[in-house]
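Take a look at the following structure, please.
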């Protein structure tokens, strides 16, 4: 692949992002505890951030739109984490466990 | 008076309404109102007849007076309907009104004390009205409507005592069998209407004028006129109880005897003959002549066939019923062999003496309380009036010449048969012999010898029943003088009814027939009658010839004849059971195949599918199925089952769906090695 | 960055401000119970009043956006002057607006406000007086409404993501609001986890789109970027991943797994809110995204357009078939709303064809549509039938679904907060058997629920029928050139018959089954007014269709920014 | 268009207003509810009689123009207008609907279980039915078509017999499938016929003519046919009728048989024949064959029934067979001559009217005997003729009328249809004639079972028909006799409509 301005081509960043995304996704599917799933969500969001920043800077005429988007995403990730933890704590107070597999009161 | 001829049928209808609504309260609880109406009609008919035959009206209206009103619009043209007076209808008017009024007077005595007395007279008036409308109708549909109404009233009157199951069944049988015939009649009407474009008989646009349009070769190589003729004849067969639709008449004897006298002897059954006579131009226009052939042979066969059965009957009314069937066969036979005038003349005379016979048998039953002639005997002395009137009518029926009316008309028929169709002539003579044989068997069994059952103390009927008997007996003798070979008034007036064209056709069909007294025919007719009487006397009056000795050789024949050739049983086995089986089969098909299998099946399947899922998910919740087994099983089957309640599973399904979608989307582009430009795109 | 005319976005700002006011009042009142503000100015009655006045602001914004529709003005950005749509806000370089408050957005804001008003009326009755954290509940509800109006007008990837997340977060909290009830907690958690995953995937998709289409986040720029990046597979994956985010909001089939459990678990008013208002937001964003960015290429390869067609059909069948065996009415309504989304998607696909269709892609100055489109613009009345199906059905769906949920909340109201999970079986509030013989106990609720269910089934003369008439009409009109739409219409018809079955099942129970021993049902004035409003609109829509239809058709027009009249 | 004449909207919406008035009467006040409902139902009856006489027999007929027309804009952007009008086809049906509703309400005076909802639903049903016969705009037609469906569902469901729920839901879903197919067909016609829902313009627009529209035209034709055939009901789609009739309350089944079935045949004559003449001529023989099968099949299955009401339900299938046969022949293109096609169509319309009167009366009579004996099985009756003479008279009059005895409308209708069919295909007429005989058989068999024979001891003290029952059946009998003897009065009305429709069918 051609030698790019920053020494390493953009594909490395994209693959890193993709790997992080897949780990997060896998984490969501496999983790038993809600907290674990929260972590995986954070992972996925950060993977998207990496993409944004990489694309933003590697364009022929680089724009900062990517970074702006990344900043927004970070703030929202924080808010999401807060709300998520609030709900998880509430569940823990009721059932003394946060094991998602056991929470099947409503099904089918 | 001719212009007001439409009043004749209207009066009985009004009487019907009055008696039905205010029966109990009317004078003589309904009887006098009905009789007044029918007598008024009789008077008007006589006036019309007088004006028509003697007053020169027939000449004034050159043989036909027809008035119509608008009835039914079809597209641009309008079908109209009305009444017409000509010689044929006047004759029938006379017959119907005379017999009807006499029978109604007779019924006062016979039906005395019946719980539904007024309703009987209401039905009687309705019958008279329907019959009179039929006779003067000039539109085929009006004829059909009155034809069916006549059938309805016979149904009501036969089933008058409907508490008796046998009467009820007889009524239904009568209506259905005649209905089968009527369907043929209806088909005939439709064919005629479509081909000639009109339903009115007379007038230049009428049916009779453009019958030529019908004379085109239709299916089975027959001209349409023949087919139309045959279809109309179906109606006649049904109504006039010809073979094979004759089964209903003997059972119709379940009704009160005056009813049998009026309807099943004189008027209604004659309607079939009247229909063929009225539509005679259709038969004459038939180039192949097939229709008339069929009419002749059916008539002849019925005449002989019914007469033979008459011999073996033991119920007085059934004997007379079969004799009616046989005499109707005679009339139809005569029409078949171009004996147009003879047929109508026989109908004219037959009405009187047969009505008299039935009323006579009515008074016998009224007196003795039984209908089985084996229990009667020796009534000669106890019921002299009934005996003499019965004897006169029997002689008239057997066709004794010079003295009785029946003689003249039967001799006339045989004369025509002699001229045109010898086979029919032979059958006629044999018929005459058998008729005389069974009639005198009846007379000897009922009136001669000693009373077989001793507890019967027969008494003469009251005068109100005897007066009609005497009048009818008088007519049975003198009605014949209208049509004697020398001064045939009947023929002079009836033939022009056909209209000049068909009159000519009839003329050349009967060309060369000797119009006077025909010695050979006379000898044969009277000879066979006298032989019949002689045979009856030597068997039943003075038992020279023991009937029992004949038993071994003729036993089976007697058995066969006794059971009316098992016709009823055959019908029962084939048609009626077949119909019921078809009905059951159709219902089973409807219930199981269509309703259950298809409709409920579809409904059931969807219910089944959803219930299956319901059951499936209940079992899963309780059972701890391991994850791997669960994933492979569920993704395959129930969608609902996907909703497991566990968050991870949801996300798993989301991801798998996403993967599938992305692959599907990219599939289109893989071959274009789409990925390479990304690197080039960026620095 | 040019700010643009703030008055257009005022309703959203007003709503957020009102939410904050209610929150502060609630906090103050909570600190001094009894004699304080809580006594003479109870916050939870203030909220509906504020929302009601919000309605008027959104109407004003609608009128103003109508005026500005299609006009473009010179806008100073940085150094040079660029043309931008008059109704644009926060215009970035190259004339791309982040928010475009065109009539389409204004109508959705109006719908959101009306929906929230009714949800609040239901909540007042459902939770009654003694609901803990009343103020917080109503303020979050108002924040969510503000989020919906932002989402409706977002024409920029960032704006879309932000407003969708804002709405989702608020609805996670609402879903889990009944703190003491285990079912509500569980519902909230599942909703949160599933939502977070979907929005993450959506975000990842947006990042790919951002990259592949040349680095701009504005929808119009992305559309042009897609034009030449169409060949790369990545572009399509990006679009699909982004659609996951919107699909989650709409509860389209593969992204619907959260809906049944959440609707059953969450308090009924929240379920109502989720099923209507949050879906409206999803619908607005999906329509805007599809009509602007979409371009199912010709010849139609297995592009993501066909995926949407398949998903629509599957969600219709899935929603209706699985609703049949349900025994809990809220769960049944959840599946029924999944099916209803199917009908809505037919409308969206038809709308997409009539504007975003192939060959009509926006080219030239900031996406001014090609000549073909401009010709259609001229005679507004001619181009009917294709676009307004979505909006009319949304309006009809809003009122009939909210009406149904209102009655369900009134009938199922055991006590203010659902009982704890322990005696879940005891809590039969929303089991369908609970409705047997309702006609004898409370005829008003029985007849109104019957009208709503019959309307959901699409039987005339209700609003549902009018909606379906427009949707199927549009499908058949476009169907002459895109036969797959006729197939969808036929599937839609079949499904309305299937849906008639389980809707009528409830009606059957209410009218024919005996009502042994069940108590008379009574409800406070707010709930009755909510039901009355929905009843009137469901029955009256067929009469008032004329103005509504013309309003909707012109609104749909403006989806395409910069359409010059 | 001539100036709007507001008589038809008045007839349609007076019952709706009445229903609202009834809603405000307190539930306990039974007599007030019944009195107001019957009073209100008299208004449309009076208006429909006025329309009957004011109708100009030779005036403009459906496709070329309309009488009592009204046309107001409703959704102009879609070409939907509030259009109503009447012609030879609909005037008698309007009168029939009004008459049967009033008589059913008179008969329902005995209903004391939730009477408020009962009468309220009935008046709503009347609006629905009336709307179908007068509306000239497809959306309006479809709305009224479905509006009449819902109250009937409740009438069967709440006041019906033991299996009422199954019968009600079956009735609803059956008709809904039909009407949904019809909705799609209407929309397709809308786009092909120049974007208008107005029936007059669509009839003039010559839809789906030419080979390129063959498949679409066929699809639309069979869609509409399905919608109407289910309602008639024609042979394969008839299985909902016996269940619905047996389970419906007496007045309900009178309206169901008397009017709801007519909406199907009205659809044939108002929509299928004038608007899709080319398709109709291509597929007429299928409809003819199905109708003859219905005639024979209906008669035979009726014969195998023991439940009195089910027997009459199947006899309706038989009678409606004649109607569809008449329509099929009228659209048979070159097969039949013009005058026989008009005759067949006249016969079909006459049969619609006569079936409404006679079967309506029969169902009332079945109700009368059911109230007294609480059983409908024919085996339980016998010999009632002696015990209840007035009832016996009425029952035999109506049964004989329905088996086509001359002097009543049934005969005129069957005669005309059979004559018309003969011209098109003698074979079909022959088969249909079999149906005539079998109909006579099962009708007489029923009379014999119920009225004749020895009196069943259980009914010793059965009271005769009282004034309420006689007054609800007598008008129907009188009309059958009047139009039977003097068909001029009604046939001139039908004649105009038939000429217009057949004229369109080149």
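Letters A, B, C and D name the chains as they come in the text, with residue numbers starting at 1 for each one.
We take it that a residue touches a chain if its C-beta (ideal position, glycine included) is under 8 Å from a C-beta of that chain, and two chains touch if they have at least 3 such contacts.
Please read all numbers here as calculations on a predicted model, not as lab measurements.
Colleague: Per-chain C-alpha centres versus the global one: which chain is nearest?
Modeller: D
Colleague: Looking at chain pairs A-C and B-C, which one is connected by more C-beta pairs in contact?
Modeller: A-C
Colleague: Give, as an integer number of Å, the spacing between the C-alpha centres of chain C and chain A.
Modeller: 26
Colleague: How many angstrom between the C-alpha centroids of chain D and chain A?
Modeller: Their C-alpha centroids are separated by 67 Å.
Colleague: Based only on mean CA positions, could you tell me how far chain B sits from chain C in angstrom?
Modeller: Computed value for the inter-centroid distance: 76 Å.
Colleague: So how far apart, in whole Å, are chain C and chain D when each is placed at the average of its C-alpha atoms?
Modeller: From the centre of chain C to the centre of chain D is 44 Å.
Colleague: Residues touching two or more other chains, restricted to chain A: which are they?
Modeller: In chain A, 25, 28, 37, 59, 100, 103, 105-107 touch at least two other chains.
Colleague: What residues in chain C touch two or more of the other chains?
Modeller: Where chain C meets two or more other chains at a single residue, that happens at 189-190, 193, 197, 201, 260-261, 501.
Colleague: Sort out which chains touch which and give me every pair.
Modeller: A-B, A-C, B-C, B-D, C-D
Colleague: Which chain B residues qualify as touching chain C in the complex?
Modeller: 606, 609-611, 613-614, 639-640, 642-643, 645, 647, 649-651, 653-654, 657-658, 661-662, 664-670, 672, 674-675, 677-678
Colleague: Hey, which residues of chain D end up touching chain C in the complex?
Modeller: 73-78, 80, 139, 142-143, 145-147, 149-150, 153-154, 157-158, 164-165, 168-169, 172-173, 176-177, 180-181, 183-184, 187-188, 190-191
Colleague: Give every residue of chain C touching chain D within the complex, in rising order.
Modeller: Within the complex, chain C touches chain D at residues 381, 384-385, 454, 459-461, 465, 469, 472-473, 476-477, 480, 489-490, 493-494, 496-497, 500-501, 504, 508, 511-512, 542, 545-546, 549-550, 553.
Colleague: Taking the touch rule as given, give the residues of chain A at its contact with chain C in the complex, in rising order.
Modeller: Interface residues on the chain A side: 14, 17, 21, 24-25, 28, 34, 37-38, 41, 44-45, 47-48, 51-52, 54-56, 59, 61-63, 65-66, 68-69, 72-73, 76, 79-80, 83-84, 86-88, 90-91, 94-95, 100, 103, 105-107.
Colleague: Would you mind writing out the residues of chain B in touch with chain A in their complex?
Modeller: For this pair, the touching residues of chain B are 617, 621, 640-641, 643-648, 651-652, 655, 678-680, 682-683.
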